[in-house]
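In order of appearance the chains are A, B, C and D, and numbering begins at 1 in each one.
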Amino acid sequence: MEWSHDKLIDMLRTMWLIRAFEEKAEELYALGKVHGTMHLSIGQEASAVGAVSALRADDFVLSTHRGHGHCIAKGADLNRMMAEFMGKETGYCRGRGGSMHIADTAGGNLGANGVVGGGLPLAVGVGLGLKMQKRSQIVLCFFGDGAANNGAFHEALNMAAIWKLPVVFLCENNQYAISLSVKKAIAIEHIADRAAAYGMPGITADGNDVLAVHEAVSQAASRAREGAGPSLIESVTYRWRGHSKSDANRYRTRDEIEAWKARCPIQRFTARLIADGTLTEEDADKLRQEAYAVVEAAVAFAESSPEPRLETIEEGVYA
Amino acid sequence: MEWSHDKLIDMLRTMWLIRAFEEKAEELYALGKVHGTMHLSIGQEASAVGAVSALRADDFVLSTHRGHGHCIAKGADLNRMMAEFMGKETGYCRGRGGSMHIADTAGGNLGANGVVGGGLPLAVGVGLGLKMQKRSQIVLCFFGDGAANNGAFHEALNMAAIWKLPVVFLCENNQYAISLSVKKAIAIEHIADRAAAYGMPGITADGNDVLAVHEAVSQAASRAREGAGPSLIESVTYRWRGHSKSDANRYRTRDEIEAWKARCPIQRFTARLIADGTLTEEDADKLRQEAYAVVEAAVAFAESSPEPRLETIEEGVYA
Amino acid sequence: MREITYAEAIREALREEMRRDERVFIIGEDVGVYGGSFGVTLGLIEEFGPQRVIDTPISELGIAGAITGAALIGMRPVGEIMFMDFCTLAMEQLVNQAAKIRFMFGGKATVPFVLRTPAGSGTGAAAQHSQSLENWFVHVPGLKVVMPSTPYDAKGLLLSAIRDDNPVIFVEHKLLYKVKGPVPEDPYTVPLGTAEVKRQGGDITIVATSIMVRRSLEAAERLAHEGIEAEVVDPRTLKPLDEATIIRSVCRTGRVLIVHEACRTGGFGGELAAVIAGSEAFDYLDAPIVRLAGRDIPIPYNRTLEYHSVPQVDDIIAAARRLVHGAA
Amino acid sequence: MREITYAEAIREALREEMRRDERVFIIGEDVGVYGGSFGVTLGLIEEFGPQRVIDTPISELGIAGAITGAALIGMRPVGEIMFMDFCTLAMEQLVNQAAKIRFMFGGKATVPFVLRTPAGSGTGAAAQHSQSLENWFVHVPGLKVVMPSTPYDAKGLLLSAIRDDNPVIFVEHKLLYKVKGPVPEDPYTVPLGTAEVKRQGGDITIVATSIMVRRSLEAAERLAHEGIEAEVVDPRTLKPLDEATIIRSVCRTGRVLIVHEACRTGGFGGELAAVIAGSEAFDYLDAPIVRLAGRDIPIPYNRTLEYHSVPQVDDIIAAARRLVHGAA
């Protein structure tokens, strides 16, 4: 694959934006400035960025409870995202959704989802609609290793396959569904091997290598766009943080976590770009700093934004 | 495999019992003596008999809406079955269940099921219970090609596989789910190939060859009994009649039906037994006649049986 | 006026709307050449082709997702769940996704679909093919729930439902499919959220839904011979509910009998009773509010037991009589 | 008496029953080392091992099938659905299978399981993790529905539920998990189907469920300062419902306020109102029956909006005051 300089830089920038956003989210949570829960994808940035960067801007994404990365990769405005995270009226969902439901429909992000596997049947509908409307867009549907054991996965992949819908199914296998190791949850090696049950291609990609993910999704996206039907991609990665706000990590070892941290997707990509001369150390550092600055500005925006007014509480249930 | 003479005769007898029962059921329905609906398995007798004859008498069966054959193969009393079909108090379910819900729990038949795929999650529970109770029984779970596209299939096969439960999943692929051809419902050749998605063996058997089905299920049953876990068997067969009571057959051709009728499982098996000297033409004819006589007796029993009393209508909702 | 069946009225609404609006399509199990389990969609695949009349695998959750996702990007799907009992497999998408998306996304998306599904007993299909689960959906903000009792209402309400920008659960009754009634040939709409007084009377208000409207009307005719004039109110849309029409009637009659087929406990009758007992009609009530509903049992197979599982005309007459004559 | 939390009380019931009866086991997502999303099952896998405390994949339908099938052959499973919202994925097995098997099979089988699930809002988890769907289950014959409001009831009702021969839906409230109360160390049972008058008073009857019992008791204390004595009745078991206790109270007070967290429309409050309005208590009613319930909206994320989505103590006080002072 040929990579343009700008595209590579952009990918690294986006990975830093995600990292910075989530570190800040964690901090705000610890400070008691947000309530509810949140699911951090720190360590999985390559998966979100690699996948979404392989789409066209007008393509669609369906995301998950661990969706900040997908949302940022899809080009969300961090101010509105942070405002949503803080429950403000200026947020993407006017503060009604929160971390687990951020949606940027205008930007093609059809929403995070609080239900594991909840986006999979939706992908069938979006794919079907796109096909009926004879549009050239496709939909990329993210889900976790845990979601792959829900009935929704089965029905959605089968329907998308028999109707050759323009869908890319992207399973972020981060080794655990909360505390359940994928090794105990399935009796096979690779989730991608389930693609064969539906007659679609299945690819296992290194989810910590942004270019590998990009390449796998690019192929699947072309296939989908050409009308050849869906694919299943398994992006093998790892979440550094606990499952959600609170998690005593009783189900995994510190060694395991450290081993995966050593494979940090951002550091790996940075090293590569420096090695091949795309970037200097200073450029890289600047990118990182800019990302944190953007996030600080987003917090300032969110904090100065108004709360939803109580009188509006019943608005928007019906159209 | 070694076949005892009695066993072979028994299998043929059971196939005739099923055929006779269902022809009579159809007739009673046409005469307006039963209401509701029914799903006939005429043409699929080898599948039910081949599978259940590979079990021990104390094993369990979970059946489907098209379950008369499974029930008879599991050794049901035809009088009580017919009485249930006619909604009588002497029926297996005291007339509360009808064709779609006949259960003979004492005989190990845990019930037909009105919900496509409804038995699959139950099989997980039965298998789990058997394993926890350290019993040596297994459970055979029937379902159709249509059920294989429901989420229940996916969750059940995965759970049974990871816990190595003593379950044999038997998919009766009769080519259609009502009007939907299996060719349009899945994008692969063999449903049995889906076994690979769960790390269990998958076997496609000729569902019109009673011995082939018997052999496939025997192997799977041994495996299950030894604690090696579940298997998926696809029994390829065909239903001669419409989907249920009424069906204009708009979705298939007369030629197709005739071609399958030419592969009648009972005639094939009879011819084979006569050819290898197990049976004479006369013996075969006698078996057939006896079956129809047993069914006539069952009708007489059912017709002379009392209706449930209205005062008992609310009984049995709670234990 | 021309008389056609309830099933034909529904088919006509589908056909008219599909001709008018190419965003409308049909999706469900065996809705194509088979025409659906009750023949409602017969002939539509011939006119509109398999691209707009889509047969699905037995994947109820998938169907619900398909209509939700397609609606989200501008289509107006009409899904079918073959029996209401199998909505149990689709609840996640209907309740957690379709119903909530608009609110949850801050009002920035709409999910305009109709989900048609046949409910009710009376066909001998037993416990897993006879349920009336409408109150589950009534309980979910974001969904609308429609239950037509006549061919006229079926066509007019379905056109409104398809044109509505919200997810609508459209509950049909199996025993009504073959019932005939006058239906205009041209398109017309019956607005969602408006009840209809199907018969006027001053002695008692019967609020009934779906097939119970028909039975209540028959009961009312017979009650009239005994000098009891029953007013029969058909909410038609369970959510949003036209409370005003119901309350107005009860204020006039002072007696109310609620009739539905669904199991009594936890059913829509509770909602109706609560609406009435919490309203200004309370002061006009001359007798306790009576609910006549399905027994709290799974529907039995046996014909006689099945018949007596849910209210029949005689039961309605008896209940009305007791209520009017004060022996409630 | 020793005080422990609601979560601890549930855990203690599970532990005691698992020690006493080896047919009892626990199954659900992350119920093992993780201890469940709210820590309820913490420590049990250490005592009973992974054979009896079973972590499942994210397969809610499968979990429901696992407990139903195992119960059918003699086990007494306690399943857990991590959030009540995800029961939407398990309804088929719970409603079409577990609830109906006994009746449908002519009384020849039992399905003795308990399905535990946390409901309710207040944790900032938004629309898909905050629902209170108990009335769906109340509407299904064959199921029992339990909703404890105190640690004492939680332990006693759970022991009864596990020993019951029917499928029982056991609805816990997330905000109650950390609430402490007196709980005897020895096993004891609170029988299913018995309400408790949690506070006596003659001016108004408040019938409240789950966390609303607690809020109602607090409201009642404050109302007492204004001279309003509220009787607070906790049904504890929604199905079967102890109608007699509720009716008796209403006959004495003549005024009733129903309080629950679930959305108002189609909720259990309707059932309660209908039971009361259809009973002999009707003649004793001095005012319309008032329902105070969750708003008909998905639960919003924003803390303030979330708080005002469901009844709070001040709302209960205001509603009771209006009812007693006749401005309802």
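One rule holds in what follows: a contact is a pair of C-beta atoms (placed from the backbone, for glycine too) under 8 Å apart; a residue touches a chain by one contact, two chains touch by 3 or more.
Here the structure is a predicted model, which means the values were calculated and not measured.
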item: Both-way neighbours, i.e. chains that touch chain C and touch chain B; value: A, D
item: Chain B-chain D separation of Cα centroids, rounded to whole Å; value: 40
item: Where chain A and chain B are represented by their mean Cα positions, the distance between them in whole Å; value: 45
item: Distance between chain centroids, defined by C-alpha means - chain C, chain D (Å); value: 29
item: CA centroid of chain A to CA centroid of chain D, Å; value: 36
item: Touching two or more other chains - residues of chain A; value: 93, 95-97, 101, 113-115, 118, 149-152, 155, 158, 162, 184-186, 317
item: Overlap residues in chain C, where contacts from two or more other chains coincide; value: 56-57, 59, 61-62, 85-86, 89, 92, 96, 103-104, 126-128, 141-142, 295-298, 300
item: Chain-level touch network, classified as line, ring, star, complete or other; value: complete
item: Residue ranges of chain B in contact with chain D within the complex; value: 60, 91-97, 101, 103, 105-106, 110-111, 113-115, 118, 120-130, 132-133, 151-152, 155-156, 158-159, 162, 315-319
item: For the chain C and chain B complex, residues of the former touching the latter; value: 29-30, 32-34, 37, 55-62, 85-86, 89, 123-129, 295-298, 300-305, 308-309
item: Chain C-touching residues of chain D, taken from the complex the two chains share; value: 61, 85-86, 88-89, 91-92, 94-96, 99-100, 103-104, 126-128, 131, 133, 135-142, 239, 241, 258, 262-263, 265-274, 276-280, 282-283, 285, 287-291, 295-298, 300
item: Residue numbers on chain B that touch chain A, as the complex places them; value: 149-155, 158, 161-162, 184-188, 193-194, 196-200, 229
item: Complex interface listing, chain A residues touching chain D; value: 34-37, 87-88, 93, 95-101, 113-118, 146-147, 149-152, 177-180, 184-186, 250-251, 307-308, 310, 313-314, 317
